[in-house]
Each structure stands twice: as C-alpha cells, then as structure tokens.
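First up is the structure itself, then whatever we jot down about it.
Letters A, B, C, D and E mark the chains in the order given here, with residues in each chain numbered from 1 onward.
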Amino acid sequence: MSWTEHAPILIIAAPLLVSFAIPLLEKIDYRVRNAAAVLSLAFSVWMVLIVLHKIWGSGPVVYVFGAKSAFLPLPSGFKFPVRIMLEIDNMSAFMALSGSIAAMVGVIYSWAFVREEEGGLGKYYSLFLLMAVGMLGMELTGDAFNFFVFLEIASIASFGLIAYRREDPASIEASFKYMIVSTIGAIFVLVAIGFLYGRYDALNMAYIAKHMRIGIVERIAFVLLMVSLAMKAGAVPMHMWVSDAYGRAPAAVTATLVSVSQASLYGLFRVMFSMFGVTMNNHFGGWMLIIFGLLSMFIGVTMAIVQKDIKRLMAYHAISQTGYMLLGVGVGLAVLDNPVALRSYGLAAMTGGIFHIMNHAMYKGLLFLTAGAIFYRLRTFNLNEMGGLARKMKYTTIYFIIGAAAIAGLPPFNGFASKLMIYESVYKFNPLLSVVAMVVSILTLASFVKVFHSAFLGPEISKTRDVREVPKSMVIGMGIMAVICILFGLFPGMVVKYLAGPAAVSLANQTGYISSVIGGGM
Amino acid sequence: MKPMSKIVRTVAASIGWFVFVFGIYVIVHGHLTPGGGFQGGAVMATGVALLIVAYGGWGAERCVGKERLPVFESAGLLTFIILAFGGACLGITFFFNFLANKGGLFGDKLPLGINPGIFNSAGVIPLMNMGVGMEVLAGISLILFAMFYGTKRVREGRCLVDNEEKEEDV
Amino acid sequence: MKLGVKIAIVLLLFSFLLMGLGFMHKYGVPLKSDMDDYFINHAQKETATNNVVTSIVFDYRGFDTLGEASVLFTAVLGVVMIFREAGKK
Amino acid sequence: MWTYIFTGSGFWNPIWWLASFVIVAIFVYSFFGSEVKAKYSPDKVKPFLSGWDEVNKDAMQVKASNIYWGFTKAMSGYYRFLDRCHTGIINDYVVWFMAVMVITFIAFITA
Amino acid sequence: MFYDIHYVTIVFLIALGIYAVMFQHNLIKIAIGIDILESGANLLLIVLGYRNGGVAPIFTMAPQGKSMVLPTPQALTLTAIVIGLATTALMLSLIVMLYRHYGTLDTREIRRLRG
C-alpha cells in the first residue's frame, strides 16, 4: 500500500510534530516558524481530503496504532479491541475538514495580527497548533479515554491562548473562569469513562456500544457525559464561560475556538448516537438536546442584542447558533427509532444541523476575524467608540457584510441554506420549535444591523480618522472564509450531497459504526 | 529568593546527585520495575526544586542551565514522536514497536512468565521512556523556574507593559 | 434559600454518584476482564516487556501517552507564556 | 443538482433565487431608475439645522447602546432577570452546571 | 446493591471537590477543590481495577501463584495524573496574574466580565 494508508494519523501527527519542533525552528527565523505552522495545517487539510475520498469509496476508515496492520482492529483470535484506534466515518471527516480549515485560516491571520513586540510568539504558535491537534484528535478518535486526553489538550492550549493578552485583566479572568468550568467538565467525562470501563472492561466506543445493556450505571454515565459535553459546547444555561472566553481571546484564537467547541459538540453527538443510540431512551436524549437548543438560541440572541462589546456580542451569537445545531440534530435523535419519520424529516433536520456546524465555523470565524481587524486598528472592542470605518477598511467591510448576511440567514449565503433545512424539517416535527428558530434569526439580523451601523456607517469620528486597511495576511485569512461562505451558499447541493448528508446518515447508523470495528456479526 | 545557609547548600549538593541518579535509574528500568519516563522525570525535577530552594534561582539556574531546558524538552518530545513515526516509516503502523524481539538494540527475547528481567529487551519502549523522561525533567523544571521568576517579575511589575488599570464601567 | 439550593445540589450529586457506584461490581471482583487479561498474558510475548503497565503506556495505548506528553508540553508553554518578560521575544 | 437541496418539506435553489432577484432588479431599475438625476451642488449636502450650529461629528453618531433602546426598555423585566443570572462569579457558573446535571439526573432516572 | 468503603470514599472526594468549588470564594481553595476532584476520579479508576489478592502487574521477580490486578486503570491513572499536574500548574499561574491585576483572591470581586 502507498503512504496514503497513513493519512489518518498524519492529520494529527503533522501539526503535533511541528508544534514540538517550533522551539527549535524559532531559533532560525520567525518566517520559518510561521510558514511551518501554516504548512502543517494545510497538510492536515489535504490529508483530511484524502481520507474523505477514501471514505466515499469504501466506508469508514479504521487506523489501529501499533498493530501489525492498521486495518485489523481486533487481535487475531479475540473478539475485543485492545489498541487505540482512529475511527473516521463521514461525520468525523466532515468535522475535521471544517476544523482544520478554520485552524489554517487562524494561523494565516495570526501572521500579522499578533505582533512580534507582544512577545512569546513561538509559544503562541505552538499552542495554536496544539489546540488544533486536540480538536482534530477529538474528532477522529474511536477510543473513549483518548477522547478525554485530546479534550484536555484542546482545553489547556486554549486556556493559555485566551490569556495571551495578559495586560488586559479581563482576559486572565476569562481564561481562569473557562479553566475552572472546563476542568470540572473534563473530570466528569473521565468519571463517566471510568464507569463504563468498570462495566465493560473496554475503552473502545464501538465495543462499548455493542455490549451496552442499560442499567443505573450506564444512565449515570450517560448524563455525566451529556451534560459535561453540552457545557463544553456552550449550551445555555452553562454558557457563561463562552461569552467571557470568546470575547477576550485574540481574534485568530477565537475563530478556531469556535471549532474547538464544536469538537465537543461532535463528542456529544457521537456519545448520544453511536455509543448509546437507540438502546438508551432516545426520546429523552433528543428532547434534552431540543430544550438545550431552544434555550441557547433564545437566551443567546437576547443577550447579544444589548451588548456593546463587539466580540462579546458575537460570542453570544455563537451560543445562539449552537442552539440551531442542537435543535436540528436533537430532532433527528428524537425520531431515531421511528424509520418513517426519520426518513421523511429526521435526516433532513440532522443534515441541516450538521451543515450548520460547518457554516457556523466559517461565518462566525469570519466575523470574529473582522472584529479582530477592527481591534487591530482601533485597539478597542467598544462599539460606542467606533464609527465610519466603511470608508477606511473596504475589505473588512465587505467581509463583515458577507459574514453578517450569512449568520442572519439572508438568501444567497450559506447560513440561509442550513437554516431553511432546519426550519422546514423541524416544522414537521413540531411547528412551535420552527417559529422560535425564525424569531431568533430575525433578532440575529437586528443585532448585526446594530453592529454594522455603529462600527462601519456614520460619520468619521476623531478616533477613526487615520485608520488604514489591515495587513495582507489578515485580508487573505478573512478572504478564504468569505469565499467559502459564498461558495457554500451558491452550491449547497454539493455540500449536502457529499459532506453533510453522508455525515447525517453515518451518525444515525449505529450498527455501521460498530461493525466497522467489531465486524458484522452482532 | 536568597541562597540558604551553608549547611543546607552542602546537604542539598550532596543529596541532589542521589536524586538525579535515582531518577535516571527509574527511567532506564521503566520496562522492568515500577516506574518509567514520567515518574523518573518527576523524581529528577524534585532535585531541581531542591536546588532552587537551597541555592536560590540564580544558583540553580547555573547548575541546571536554564537556556538549554526548552531545547532539551523539544528534543525529548521529538525523540518520542519520531520513534512513534518509525513504525509508520517502515510501512507498518504508527507506534509499532519495531525493535522488539528483533535482536540488536533492546531487542532480546524475554522468557515468558516470572523472570528476573533482561535489561536489553522491550524494543523502543526504553528509548521512549528516555525521551519522555527528558521532556518531563525539562518541562517541570521550566514550570518551576517560570513560576519562581514569574512571581518575582510580577511583583516587581516587569511582566506587564501597560500598568495602569483601566476601570471600565460595565 | 440560595444556600439551601446549593446544599441540595451537592447532596443530590453525592447520592446519584453513590447510587451509580452501588450498581458497580463488588470491590475486588471485576465483572469482566477480557482486555486486561489479554494484556497480562500477551505483553511479554508481543512487546518483550516485564512491566505490563509500561507496555500498555508505551505500546498498546502509546497514543494516549503522546497526548499526555503534549499536555505537559502545553502546560509548560502556557505557564512560560503567561510569565514572559515584557518587551522580550 | 449542484445547488438543489431538499429541506424536509420543500426545496431551495440559490441559482433560481439569484436569477429571479436579477430579473426583478432589472424590472425595478427600468421602471424607476430613469428619474432625472439631481445636479450636485455644495449647498445641497450641507445639513440644514434650523439655524443651530453643526454638532461635532463624534456626537452625531448614534451610539451602540442607544440603538434598540425601546426594545430593551420594553423587555426590561426579562433583562433584569438575565442580569441576575449572569453574575460573573465563578462559583455561580459551577452552580449552574451542577444544577443542570442534577435536574437531568432526576429527569432521567425517573423517566 | 452493596456499598464498599472504597466507593463511598470516591464519591465523598468528588462531592467534597464540588463543594469547595461551589461554596468557597478563595481562588486558592477553588484550586484545591479541583485537585481533590481529580484525586477522586483517579481513585475511581484505580479501585475499579483491583482484583482480590492481586499483585502489581510486573513480572520481574513477581511472587509465584498470585493473580495480577488489572493493568489498564493504572496506565489511565498515570495519564490522568499528568493531566492534573498540567492543569494545576496553569491554574496557579493564572491565580498569580489575577492577584496582580485585581489585588484580591476573592471571586466576588473578580467579576469584570458579566452581563
């Protein structure tokens, strides 16, 4: 076999290797360091595409570490997996694609955004790559404890990065608050994994899913996993850290942090669909997700309207958009045991929710990057001190309009396609949920009109008199995301057919996930 | 922190070597006895902590060589990950133990069951232990130095560019 | 009122976790031990290691250990970055 | 096929949308776009302030906190409740987390 | 349903950690609470892997005829301990910086970010 056999591990190992080598590369030249960081993440994107191509051809890819062959998950003559393995189906590859693109754009943007005189840049890039590694590892692994380890890598790297601007007391405070809440969540994940280990003597998710028999221990492990991962994904009412952390991290970090939270969201879906699935009470799980989703949508957007800090406002919108994903996928989970309903609207709802994940990573990343561009020139987040930037920063204005139109769900952009899928399929499940989703979308548009008005329109005020366009790398970074927003908006059929649709099908197909590791015989 | 009295410094200097040697022992016998890279590295890092307490930051820095620590740490980690890549480069899998049971370096076969242990066994595991031991020693020492100097730097106000606290009304 | 709610939360959490562990296997008698028996029986042959824990840490679950080493590296970077000297690269 | 998506109870095709948008725009422009253009003169762009002095540019911009003032005023009860929840104390963050966990436990064990 | 003192201890440690994080307003005490919580989780893993009369799973000079305890939880605990160490180190550095900025360790005064 060719070297592409090792593509699954190279997705994770290439950025990891570069991040370990950065303290040495930094001694050569800063350009070498930055280029290595960008190239390693670009390599990851390429490898994800190779793996995706392989999955389209021959189903889920399994990569076993340290075995004689990478594709034999079980030791010969035994019926249980003993080694760690990566298990990549359409859903994992979809998440990894969106995450690695976001991380690559973040590094490109950082080239000019984080300035040399701020210091500690080598550490910044190392941590950035480690955060991306943690995110990719969470999305690709098929082992429960390995998931915990990568969760911790992603979290600890983001604690460091949020506190990067330590002259600002609030950024340290945000980092500390995120750290406390996130560490407790991670410990509960570990406790739940311990419970499952005690019952089944296994750590492989597919093996646990196959042998799952519902008892009290499993129920408690399920609740621990569900609530902890929902907290990490930023569901209301456990969302307070999101607005702090997103609002205070450097913009390039925030754009990637959105994807890191989505990796937790992926973990939540993986646990609920592939590990517990229909053996657990899926109506309960589905309705929990729907309730989390409704609360997140509504409270997130109403909190966003009254903010005057531009990044904090966008952070509340991130919470609100997470609600759409939870709503769409939750409806799919609630009808998982009903094949007729699943086929008629459940899969469409899940596809919409999953499509929204990637759209959100792109447009919310773009919006955070534009907020960072404004901060780069004005050194403030306060909307009251801005005005008339549209004449000075043309590219940033155009990108902001694209991002705002996408997040508000205006027609030709990508946000509209996924939101429409969610509205129309959720309407068949319960019309009231759909109405709430539409109202939230209108409020989203309203609050972005406010941002656009106060930051970009209006007369040129004294503070913005000598503002120029941001440097080239920042424009390129924002441009990549804007182009993806437009392309996904114009060709949603392609995305649904090749990325989001298969991801929803593979998420709903629990036996397929299990049989790719254990083999067909149940 | 100022250096402590001469008695403490002498005792620390004489005990420090034992701590380091014991740490090395724990690391290199990781595949035979309880222990391994993490534990041995932590033991050696306690030696660094002892030196910091006895000699103060500057003295301990001169003993350990603080400038070399980041390089040491990266080297340990790179050893680890390149050994892991070794299996993939040979066309098998990432983390494949490509030295075990092959003869040569750490390649002796073990008798099954209870045995007194053969040092030259276990393939890449002892090498990985050493890499991880280097990383843990350097990493924990760096944390100790960073916290030791950092608290001092923070107290003296050398850590932050902008010292005035802007009180925003929220 | 608020204090009462907080105390109730802690007590309920305590009781739920205790209930969960009450249905766990009896201490010292694992319900199943397939995977661990495999490790104990095969570690010496497959990895030529006397210490089964080390063979798990560095061979069977080596990827976890890589992640763990990265976590320590991450923490070191974080601490050094937070305490970096101002105006110095 | 590239652009068509099925949305559960309908479909969406951005190219059709764009095409109809362009057609409507052309229509609108051809009917209403041919009005006589006003001639530019410096007097016309001067603000007429009934004899008052022109205010400072900084003060002319409507501040972000004042937009949607009516909305926030109408919803003030709701926002007071939200403000009480978002205390910003780390202990309360953990209390919310644990409270949700306990409620979910109760709901799930009894369900 | 049967309760061992080991299980009760684990849950007690976890609840104690949660208590510390929920009720204490001192940052250092919160850090201690999280460490207690981590100890509880580690103890859980170790306790789940014990086998009656078992010895450590190391073949070098092992006593004859004894069963061995399960080795996986020990490996997992090793990983979890290092992760706990990393978290604690970063948390303490953040506390130092917070004290520098706010001049206090009371959580009720460290609330610039709210609303």
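We take it that a contact is a pair of C-beta atoms (placed from the backbone, for glycine too) under 8 Å apart; a residue touches a chain by one contact, two chains touch by 3 or more.
As the structure is a prediction and not an experimental result, all values here were calculated from the model.
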item: Touching both subunit A and subunit C (chains); value: B, D, E
item: Contacts common to subunit A and subunit D (chain labels); value: C, E
item: Chain closest to the middle [Cα centroid of all protein chains]; value: A
item: Between subunit E and subunit D, distance of the C-alpha-averaged centres to the nearest whole Å; value: 45
item: Whole-Å gap between the CA centroids of subunit A and subunit E; value: 28
item: Between subunit E and subunit B, distance of the C-alpha-averaged centres to the nearest whole Å; value: 22
item: Overlap residues in subunit C, where contacts from two or more other chains coincide; value: 6, 9-10, 13, 16-17, 21-24, 30, 33, 35-36, 39, 44, 50-51, 53, 57, 59, 61-68, 70-76, 78-80, 82-87
item: In subunit B, residues with contacts to at least two other chains; value: 32-34, 36, 38, 73, 77, 81, 84, 94-95, 97, 113, 115, 117, 140, 143, 146-147, 150, 154, 159-161, 165
item: Subunit A, residues touching no fewer than two other chains; value: 16, 20, 65-66, 145, 149, 152, 156, 159-160, 163, 166, 169, 176-177, 180, 184, 191, 198, 201, 203, 216, 219-220, 306
item: Chain-chain contacts as defined at top; value: A-B, A-C, A-D, A-E, B-C, B-E, C-D, C-E, D-E
item: For the subunit B and subunit C complex, residues of the former touching the latter; value: 30-34, 36, 38, 73, 77, 80-81, 84, 94-95, 97, 100-101, 107-110, 112-113, 115, 117, 121-125, 128-129, 132, 135-136, 139-140, 142-143, 146-147, 149-150, 153-154, 158-161
item: Partner subunit D, residues of subunit C touching it in the complex; value: 5-6, 9-10, 12-13, 16
item: Of all residues in subunit A, those that touch subunit E in their complex; value: 145, 149, 152, 156, 159-160, 163, 166, 169-170, 172-177, 179-180, 183-184, 187, 190-191, 194, 197-198, 201, 203, 243-244, 247-248, 306
item: Residues on subunit C engaged by subunit E in the complex (per definition of touch); value: 6, 9-10, 13-14, 17-18, 21-24, 26-30, 33, 35-36, 39-40, 44, 50-53, 56-57, 61, 64-65, 67-68, 71-72, 74-76, 78-79, 82-83
item: Residues on subunit C engaged by subunit A in the complex (per definition of touch); value: 16-17, 19-25, 30-36, 38-39, 42, 59-64, 66-68, 70-71, 73-75, 77-78, 80-82, 84-89
